[in-house]
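Attaching a single structure in structure tokens format; questions to follow.
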Amino acid sequence: MADQVQASAQRAIAAQRAERVVDLRKRPRIGESIIQTTLFACGFISIFTTIGIVFVLFEESLAFFADPAVTLVEFFTNTVWQPRIEQFGILPLVNATLMVAFIAMGVALPLGLGTAIYLSEYASERARAILKPVIELLAGIPTVVYGYFALTFVTPILRGVFGQDVVSVYNVMSAGLVVGVLITPIVATLSEDALSAVPGRLRQASFGLGATRWETAIRIVVPAALSGILAASIVAMSRAIGETMVVALAAGASPNLTWNPFEPAETMTGHIARISGGDLSYGSIDYKSIFAIGLVLFFITLGLNIASRQIVRRFREVYD
Amino acid sequence: MTSATYDTKYAIETRNMHIYYGAFRAVKDVSFGIERNKITALIGPSGCGKSTVLRSFNRMNDLIPGARTEGEVLYHGQNLYAPDVDAVQVRREIGMVFQKPNPFPKSIYDNIAYGPRINGWKGSKAEMDELVERALRGAALWDEVKDDLKKSGLALSGGQQQRLCIARALAVEPEMILMDEPCSALDPISTLKIEELMFELRQNYTIVIVTHNMQQAARASDYTAFFLMDKDDRAGQLIEYDTTSNIFQNPKDKRTEEYISGRFG
Amino acid sequence: MSAETNASSERSTGTLPQGEAVRQNVAQRQRRGRVWEVVLFASTVVGIVILVMLAFNIVNDAFGGIAVQSVVEEEDLTDGRRLEDLSQPELIAILEANLRSRVLRNLERERPLAERDEGELIDIINQEIIKPEVVAIYPLSEFLFNRAAIEAELAEAFPRAELQFKSWLNWNFIVSPMSSNPTQAGIRTAILGTLFLLLLTVLIAFPLGIGAAIYLEEYNADKPFDERSPVGRWLNRTIQRAAGLIETNIYNLSGVPSIIYGILGLAIFVRALEPFTSGAIFGATEGVTANGRTILSAALTMSLLVLPVVIIASQEAIRAVPSSLRQASYGLGATKWQTVWKIVLPNALPGILTGTILAISRAIGETAPLIVIGASTFIVTDPDGLFSKFTVLPLQIYNWTSRPQEEFRAIAAAAIIVLLILLLSLNAAAIMLRNYLRSKRIST
């Protein structure tokens, strides 16, 4: 009896529920829309930054090339950069920049790659626990400190080894070596990521055929991670080209077209830093020239970054 | 609310529902009604679209980029996929319990209170305490946790976590509860507890459960829908829908019979 | 290898080594492997060696010996008595006997000597008559291990000089303002400038970066406009394309050299927005105008510089929040923003904070952009507002390092130590903050 009452009561509730009027229509959520728009705007600032960079560089560069003292052809072919006598050839600056970058890569590639292979293929957990923070520490040291190191430590050693009259106080070699140290962590960490991403079963297959650890690393793992390593090297190269403080302190303050790494030679970044560090009057040709140099620098580094990304995209091995 | 012709017998009813992921049709032409205050089990081999169908009932598929639903899913006479229907509103009406227990990394209390709070609940602290207790009792968890409601939801055992998730769903007072393989990550004893709980909940809620486990469908549901992937276009379709006893003892379709007798899947 | 075998297919097959040959082959390969392992290990250790050299280099310069020589010895002035023991009239007598009359007149005009107390008079005597001067400085290693040679050299060049230990890093150095005299120069203004700049950069870059990251991770797939109308479809597609563009753009921006940001800041914040960044439109023109080369311009420039890194770090942290939590929240009828604000962000916050603080702390070591936007290096007043001139530690280090005098090198080294301590404590703070937030979120 009681059961029946309860059951009928339940049925009544159910029926009531069934006929309940339910409104599922959208109501305006203005707050949500405002938030979404705001967040989108935050993201869009990055686009404005890029547009800003390109616009500013182009605008002032145009003003620079509009000056009767400069022509585009001269800018890229003249081998002298002497603003005082109205000689604006970017070649010496580019040459010094590339010299620094190549010396740096000469240091960073073997060191960084060696470190990456050791960390990913050999190191025990304990060794990694010590070595990883060291690399992070190297990466976290401000570049101006590396500049100090180059000028007050590396240069004296170079002069001691090769002779005071061979090596100048300011020289490309010292700057290049230290920039190399500075970009080693980039090569090491990015390459190690690429090496670690190679699946373990490839290594096991190699070990299973009787290969040693070194043979497995160099014949199986490194080739499989080659695109990642290449991308890492390009990113590091771009970083070396854009590096300012080390070259500003150690490479010298005169544009100089030379192949001798023991001579002083000013890089693009070093020149921008020196010119703008002084009292720069807006609208002067010196002022405009830093934008033209900046534009060249921007496109070189942008090109390298895009290239590295493309390499990663195109050549990534897909392991399911 | 165009209160068109709809059968008040059904809590939810699909008419010619097709679900797409991008260009791929995952589910085709499903038409059936879920009976009010009953437990309906959706069964079938993996990839047959049963979870997709379940998730279409409270528009959880919206969260998957590229997912699209055609046809009608009627709830109180309204098509859930009509353009002016708000998915948030739908999910408030139709709760969901997931395959893996997913309590928030908050206290047990805050896990329960989260739903009411975001839905604009107004009331005193004491009333919230009462609501939390009611939800936990409803999920048969109260006696186990009443002494430490401040404990993290993640500190509970798997079965308790899943009941916490059920309690969390109850707290927003939905009309239906969708359960997506709620016991697949649980041990047999916890599974039994959840099944007992489902029987209790049936008095007040309509329950739809997706399960891999045929025994579970047989012992714990009133109705069973059997889905199977079409071999030609790999789209899931509804093969047979009937009372659970008919499906398991007296299937009309040969494929259903093959499946429940364990011949494939 | 297979090509080779095919070419010489006269023989049916090549032969693998057998028996003893196998053992030799393996042993040889193992040896080669070990050699290479040593090489790899050595290249790894180079990093540690460089760190040690760097630390040695800095410590060696920041501490060491100085040879101080006075123009007049104290004993000669006072016949062997100590200045402190003299009475006020005696001190005045010394001043009157040794200073030129014009200097004396100036001092008298400032305040009559008779009215000054002993301490003040002794200071004047020290500054004007005794004038202790650093005539030579020696790095720590030489000071410690080459003492005899130094003393011999000194005895010849500056017989009256006195060799003493000097820590260039001392309390006075930290609390004194800039000075053109290296023995008196301090980094107070630079430290304050660095901290102020850091604070402003965090305040600007943090919300913008997290906002952008939230959009890219949580709203990216959203279609805010009506899909049924062609206009709505077009708008949705445009928005999604823009989001994709933002994503690539952020990656590319993170590779732009910092000095380019400096050029951008110079053209936009310092020049184009000068009325705003110099505070002119707010009427803040007191004192020396900074011409837009203000701490505000610097902070805006730095924010643009760190923004890509902040966004990328925040994106990673947001991505690490399990999607099951989002689903649970949506399943309860939460809106997108409710889910983001109450579930995603609290769970991502520890990761966001560590990532972004590390990113932003890198920025306080940045020098190049600040040189370009024209931050001054010689600042004696503390930064006191958004529109004040400023200097920062890395700029001082750059400036001092580029001077040829050894004294400046020494204080540059001391400033480097301060900068590194500042950086390390920031990183430590980031890690502690993360651990605190993790422990606060009950998660066991």
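We call the chains A, B and C, going by the order they appear; numbering starts again at 1 in every chain.
Following the convention adopted for this analysis, a residue touches a chain if its C-beta (ideal position, glycine included) is under 8 Å from a C-beta of that chain, and two chains touch if they have at least 3 such contacts.
Here the structure is a predicted model, which means the values were calculated and not measured.
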In contact with subunit A and subunit B alike are the chains C
A student comparing B-C to A-C should find more C-beta pairs in contact for A-C
Quick one: report the Å distance separating subunit A from subunit B, using the average Cα coordinate of each chain. 49
Express in whole angstrom the distance between the two chain centres, defined as the mean CA positions of subunit B and subunit C. 56
Averaging over Cα atoms per chain, report the distance between subunit A and subunit C in Å. 19
If you look at subunit C, which of its residues touch at least two other chains? 335
In subunit B, which residues are in touch with two or more of the other chains? 89, 93
Spell out the residues on subunit C that touch subunit B in their complex, using ranges where they run on. 221, 226, 228, 322, 324-335, 338, 342-343, 347, 441-444
For the complex, which residues does subunit A have touching subunit B? 10, 13-15, 17-27
What part of subunit C is in contact with subunit A in the complex they form? 26, 29-30, 32-33, 36-37, 39-44, 46-48, 50-51, 53-54, 57-58, 61, 207-209, 211-212, 214-216, 219, 222, 224, 239, 242-243, 245-246, 249-253, 255-264, 266-268, 271, 304, 307-308, 311, 335-337, 358, 361-362, 364-368, 371-374, 394, 397-398, 401-402, 409, 412-413, 416, 419-420, 423, 427
Can you list the residues on subunit B that touch subunit A in the complex? 1, 8-9, 11, 36-37, 75-76, 78, 80, 84-86, 89-90, 93, 175, 203-204
Complex contact set, residues of subunit A against subunit C: 29, 31-33, 35-36, 38-47, 49-50, 52-53, 56-57, 59-60, 110-111, 113-115, 117-119, 122-123, 131, 134-135, 137-138, 140-145, 147-149, 151-153, 181, 184-185, 188, 210, 212-215, 218, 235, 238-239, 241-245, 248-249, 269, 272-273, 276-277, 280, 282, 290-291, 294, 297-298, 301-302, 304-306, 309
